[in-house]
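I've put the structures underneath this note.
Shared chain: chain A. Partners: chain B in the first complex, chain C in the second.
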Partner chain A sequence: MLVVIPEVSHFLLMMALVLSFGQAVAVFAPTSGAVVRGQRVMATGLTAVLALSFLGLIWSFVTSDFSVRAVAENSHTAKPFLYKIAAAWGHHEGSLVLWVLILALFGWWVSRLRASDRFMQVTMGVQGALILAFVALIVFTSNPFLRLDPVPLQGASLNPLLQDPSLALHPPMLYVGYVGFSVVFALAVAALVTGRADADWARLVRPVSLVAWSFLTLGIGLGSYWAYYELGWGGWWFWDPVENASLLPWLSGTALIHSLIVLQKRGLFAAWAVFLGIISFCLSILGTFLVRSGVLTSVHAFAMDPLRGYAVLLIFLLFAGGAFALYAVRAHRLSTGVEAPEFTMTSREGMMTINTVVLAVLTLTVLVGTLYPLLLEGLTGQSISVGPPYYNQVFTPISALLLLMLPVGSVMAWRHVGERPKRLWVPAVVVMLCGVLLTLWLGVAHLWPIAGLVLGGWVVLCSVIDLWQRPVRTVGVWGMALAHIGVGLLAVAAVAETAFRDDITRPLAIGESLEIGPTQLTLRRVGEVDGENYVAMRGQVEATLRNGKQQTFWPERRYFPASAQTTTEAAIRTTPLGDLYVTIAEPKMRDGEAVWPVRVARHPMIPALYLGMLLMALGGGLAAYQTYRRRGA
Partner chain B sequence: MSLWPKGRKARRRLTIIMVVGAALAVAVGLALSALRDTVVFFYGPSEIAEKATPGQTVRLGGLVAMGSVEELGPQAVRFVVTDQAQTVPVEYVGTLPDLFREGQGVVAEGQLTPEGLFKAKTILAKHDETYMPREVKKALEASGEWRGEGAETSVLPTTGKANHEDGS
Partner chain C sequence: MIGRLVMVVLMAAVMAAAAPEPKPELDVDNPLLVTPLTESRTQELYREIRCLVCSGESLADSTSDFAKDVRAMIRQDMAAGLSDADIRGRLQARFGDQILMRPPFRLDTGALWLGPFVLLAIGLIVVWRQSRRRRCPPAS
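Moving on to the complex of A and B:
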């Protein structure tokens, strides 16, 4: 019986196609409670059907059923159990199944909201149409349940670089983020159709956009962490086009969650919030297209069939085009339920609105940098790449402006500055003083990075003080404060890491040493160790730290016979102030003696960097909880 | 001023449009000027000699010629990048990425010396060893040597190499 699981799973996908079609076309039926109830049933059915289908896929991977092509191409019997499961979404077809499953889960969640029949009908209809589009993409271009004949005896295994716990979790997290914005998109379209985007609408949208944003933060963070320790390029962000693809919806999503607050509290700028909701999901699909079509040259690029890329592009054009056409016709008629509320720029809502505009501008500059090479190549045939220098020139000053404004906005009152802003000059003086001390210590040559550190410190300090001074500290207040502290920490760490990291590479024979800063490292031994599905060359590097303490590093090079690939495993020692990072390369001969190139790098503030991202995600989660609880009240 | 609208709502709308317009204009100006200064051009071995000025940072993409990788020291390496029509000698100091192989696609970022030697600062790594960088594919297509995805990429050591041997 179990033999037919792939066929059953494939059939379940077909059922999903029918159900989502029904849920989508129901939008054209005359509105009634019965239609909405029908859509709810279909949304629940879709979730069940897609969950079972996904379980079927996981089953094929866990049992290493190599008659299924996706399994044969991406799995191997000798792979650790966890990675057999993770391989189910470690490739194009399977990751799409996970994508639609998450889409259906969010669709199920949205189907349980309470709102007017017309509103629910449109929302679920849009969600159904999205599921329909992506299930059709799977069924017609990327069927994961295709059989192979003859059945291979062994699979080709998952790329060993991807056999890593943080990368096993990276795609699901990222998808929850991307797909979470689909709900925002559906709710935004429903707002346009019904003509209402009021405080109640903002209350519906806020929890899900916060959840999506938090997971996106986690997904980006995990990807960055993986690139940092597994790829071993000595950095955490490379302005790689695919990294940018995930940053784009994150930036517009950040603008979205702030504009929703302004809409909910003050009934202002409904059209702007709706626009940000639509664009965030469009950027999510655009990101998916860029990653999967192979139009980008990137470390992430998969060798991929361009047909699928164009199918995703078609989906993008259909939904983005449709939504923006609707927006153009209906946006000016959106009612917020508040008649011409007062508005001054020197208020909290004023600062938050400026913040959303600046974030949108930031999104635009990243979009320009990401798409410009494609555009130029399409027009002139000349290949170019836009790298870190561009983003340093453009992204850095604009985000510095954001950091400068953040605390100012937080201390302002709603509506008006009734009193003088709270005492911001105390933290301002403190961080300036720190800046002066740092300049004296490190020298004027480092003025720019020090300015960055001061700005980050300014955000952290002001957020802590603000939290301290609050008379009532609700979950939501904690969420906001933690997220803002996270932003500041991230800024401080990013500046410190970029400006002050250093590294040294030297070929070492056994017993030889190298020095980095106050630390001396000696290569003691190189041996061989066996892993579950690899053999590794492992170096033993003894470090003598400043305080005379000894520490041993075990950097490895792992060879995976199944895919004939080698990976570098860095040995990392983490302290609160930074990481010491050791890698070893293939031996070479020098005067008849074997030497191993050992690379040692110091990465300051790396823990603060990832702590900052974690705090942002946690803060977003707390705020989501608060807004969700408050929804009914 | 009669141009300044009377109604509160209209006035706010105008203010906002002006603020957003100014922000967008500044951003686009900043982005375009930064693009002009920071864009890195990509060339195949056949184009690089005529199109890249020595000292300018560019990317070079092609295949690593078979048998061309030689170590100049424990850290420095020299190899030849080819599109089957032309070749460019490349020198690189540092650790090569795990997926660097003879006969496979490579993208190097660096500068061309007046003698025609490419001094690479970075060799770009990639995820997947079967993946051919799109630009490399393009360079091969441009020289008429692209044999399609999955075709055997046997890269013979080519004669052009000898011309550059004295480049160091």
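Moving on to the complex of A and C:
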């Protein structure tokens, strides 16, 4: 009986097609409680059939059923169990099934919200239309349940670079983030249709946008961490198109969660919040298109197929075009329920609004930087590259503005400045003094990075003081403070890592040493070890630290026979202030003697970098909890 | 007299500081030699040059043959005493603009370089005008 599981799963996808169609077209029915109840039932049914279908896919992977093409192309019997499961979403077709499953889960969540019938009808209708579009994409262009005949004896395996715990979790996290914004999108469209985007609407949207944003933060963080330790040269952010694609909705989502606060508290700029909600999801789909279609070259390995890419582009144009057309017609008529609210720039809402504008500009900077080479080539035939130096020169100074303003905004009162924010003088003087000391220690040549460190420290210190001085520390206050401390830590670590990382490569014979800073490293031995599905060349590198302590590093080069690929496994020692990062390469000959190029790098503040990202995600999660609990109040 | 002495000492100090330290220019591609990558001019330059056969990696990170060849070209040019700008110019002339990680500032890349700052200015002006339009009533 179990052999028909792929067919059953395939059939369940067809059922999802029908159910989502029903949920979508119900939007055109005359509004009534019965219609909304019907949509709710269909939303629940969709979740069930898509969950079962996804389980069916995992089943095929776990049992290594190579008669299913997706399994044959992406799995292998000799693969660890965890990666057999992860392979279910480690390729294009499977990742789309996961995508629609998450879409349905969010759709189920949104179907349980309490709002007016018309509002719910539109929201669920939009959510249904989104599910319909993506299920159709799967069924017509990327069906994971197609069979192969004859059945191959062995599968082609998953790219070994992707066989990694953090990368197994990276796509689901990212997808929860991307897809979470689909709910925001549906709620924004419903707001445009019903003409109300008031404090109640903001209360509905805030929890889900915070959840989406937190997961997106985690997903991006995991991806960056993976790149850092797995790609073998210790870079954590490359301004690569695929990375940029995930950063775009993150930036606009950050603007969104702040503009929702302004809308809820002060009834200001409803159209701007709705716009940010729509654009965040559009950028999520655009990111998927850019990644899937292969129109942009990238360091990330992915199956590229222009046809599917253009199908995603079509979906993007349909939804973005529809939503923005509606926006153009209806946005100016949005009612916030507040008559003629006052607004001054020197208030908390003023600073938060400026913050959303700066974040929007940053979003556009990354978007333009990512697409400019494509546009220029299309228009003039000139090809250029937009690499990290561009972002360092344009993105970094604009984001420095955010860091400068963040603490100032946090101490300002709503509406007007009540009192002069005196308590900022102390942290300002403290961080400036630290800056002067750092300049004396490191030299004037490092003035710019030191300015960055000072700004990051400024954010951390002020956020800690702000948390300390609060009379009441609710979960939400903790969330805000932790997220802001995370931003500061991330800034400090990013600057330190970019400006002060230290890197040396040297071919070593057995017994030879190299020095980096106060640390001496000696290559003791190179041997071979067998892994579950690879063979590795493993070096033993002894390090003598400043304090005389000994430590052993085991960097590896792993060869995966199933896919004939080699990966570099860095040996990393982490301390609170930074990482020591050791890799080894294939041996070369020197005077008839084998030498192994050993690369040693010192990456300052790397733990703070990832701690910062974790704190941001945690802070977002706490804020989501608070806003969700308070929703009814 | 003393003033003159101070002057001479100062000038000597300036010249000593300005004189390039005789550092061996060595590289990862040569197994015989040692690589002082940190803050070296070579490494800085490698980060600015893109490996054209890779997808988005710079010469500093790439292990491709193309990257090896271009690194060798850069080292030769450096040994011949060319400045960084000269070397970048030569690579640009030979391989096209896309070899530069930092896009050149020209008429057709003006929007790329200036766009964000112009948008920022426009955005801030819009917020400022909103604050004028929704001005608070005078405090009572």
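Of note:
We take it that the second predicted complex is superposed on the first by the 628 of 633 C-alpha atoms of A that agree within 3 Å, B and C clash if a C-alpha of one lies under 4 Å from a C-alpha of the other, contacts with A are read in each partner's own complex, and residues count from 1 in each chain.
Keep this in mind: a contact is a pair of C-beta atoms (placed from the backbone, for glycine too) under 8 Å apart; a residue touches a chain by one contact, two chains touch by 3 or more.
As the structure is a prediction and not an experimental result, all values here were calculated from the model.
Per the definitions stated earlier, placing chain B and chain C onto a shared chain A by superposition produces a clash between them. In the superposed pair of complexes, A:Ala413 makes contact with neither chain B nor chain C. Shared-chain residue A:Met15: touches no atom of chain B or chain C. After overlaying the two complexes on the shared chain, residue contacts for A:Asn159 are found with chain B alone; chain C is out of touch.
Applying the stated contact rule after C-alpha superposition, one finds that A:Ala48 touches neither chain B nor chain C. Once chain A of one complex is fitted onto chain A of the other, the partner contacts of A:Ile85 are absent, as it touches neither chain B nor chain C.
In the superposition on chain A, no contact is made by A:Leu148 with either chain B or chain C.
Of the two partner chains placed by the overlay, only chain B lies in contact with A:Thr567; chain C stays clear of it. Of the two partner chains, neither chain B nor chain C is touched by A:Leu424.
Across the two superposed structures, the residue set of chain A contacted by chain B and also by chain C is 233, 297, 299, 340, 342-343, 345, 353-354, 357-358, 361-362, 364-365, 368-369, 372, 382-387, 389-390, 393-394, 398, 505-507, 585, 588, 590, 595, 597. By the touch rule above, chain C contacts chain A in their complex via residues 28, 31-32, 34-38, 43, 47-48, 50, 54-58, 61, 63, 96-104, 108-109, 111-113, 115-117, 119-120, 123-124, 126-128, 130-131, 133-137, 139.
Remark: chain A residues 233, 235, 238, 240-241, 268-269, 297-299, 340-345, 350, 353-354, 357-358, 360-362, 364-365, 368-369, 372-373, 376, 380, 382-390, 393-395, 398, 415-416, 502-507, 514, 585, 588-590, 595, 597 touch chain C in the complex.
Interface of chain B with chain A (complex): residues 8-9, 12, 15-16, 19-20, 23-24, 26-28, 30-32, 34-35, 37-42, 59, 71, 74-75, 94-95, 98-99, 107, 124-135, 138, 149. By the touch rule above, chain A contacts chain B in their complex via residues 159, 161-162, 231, 233, 294-297, 299-303, 340, 342-343, 345, 353-354, 357-358, 361-362, 364-365, 368-369, 372, 382-387, 389-390, 393-394, 397-398, 505-507, 565-568, 583, 585, 588, 590, 595, 597, 599.
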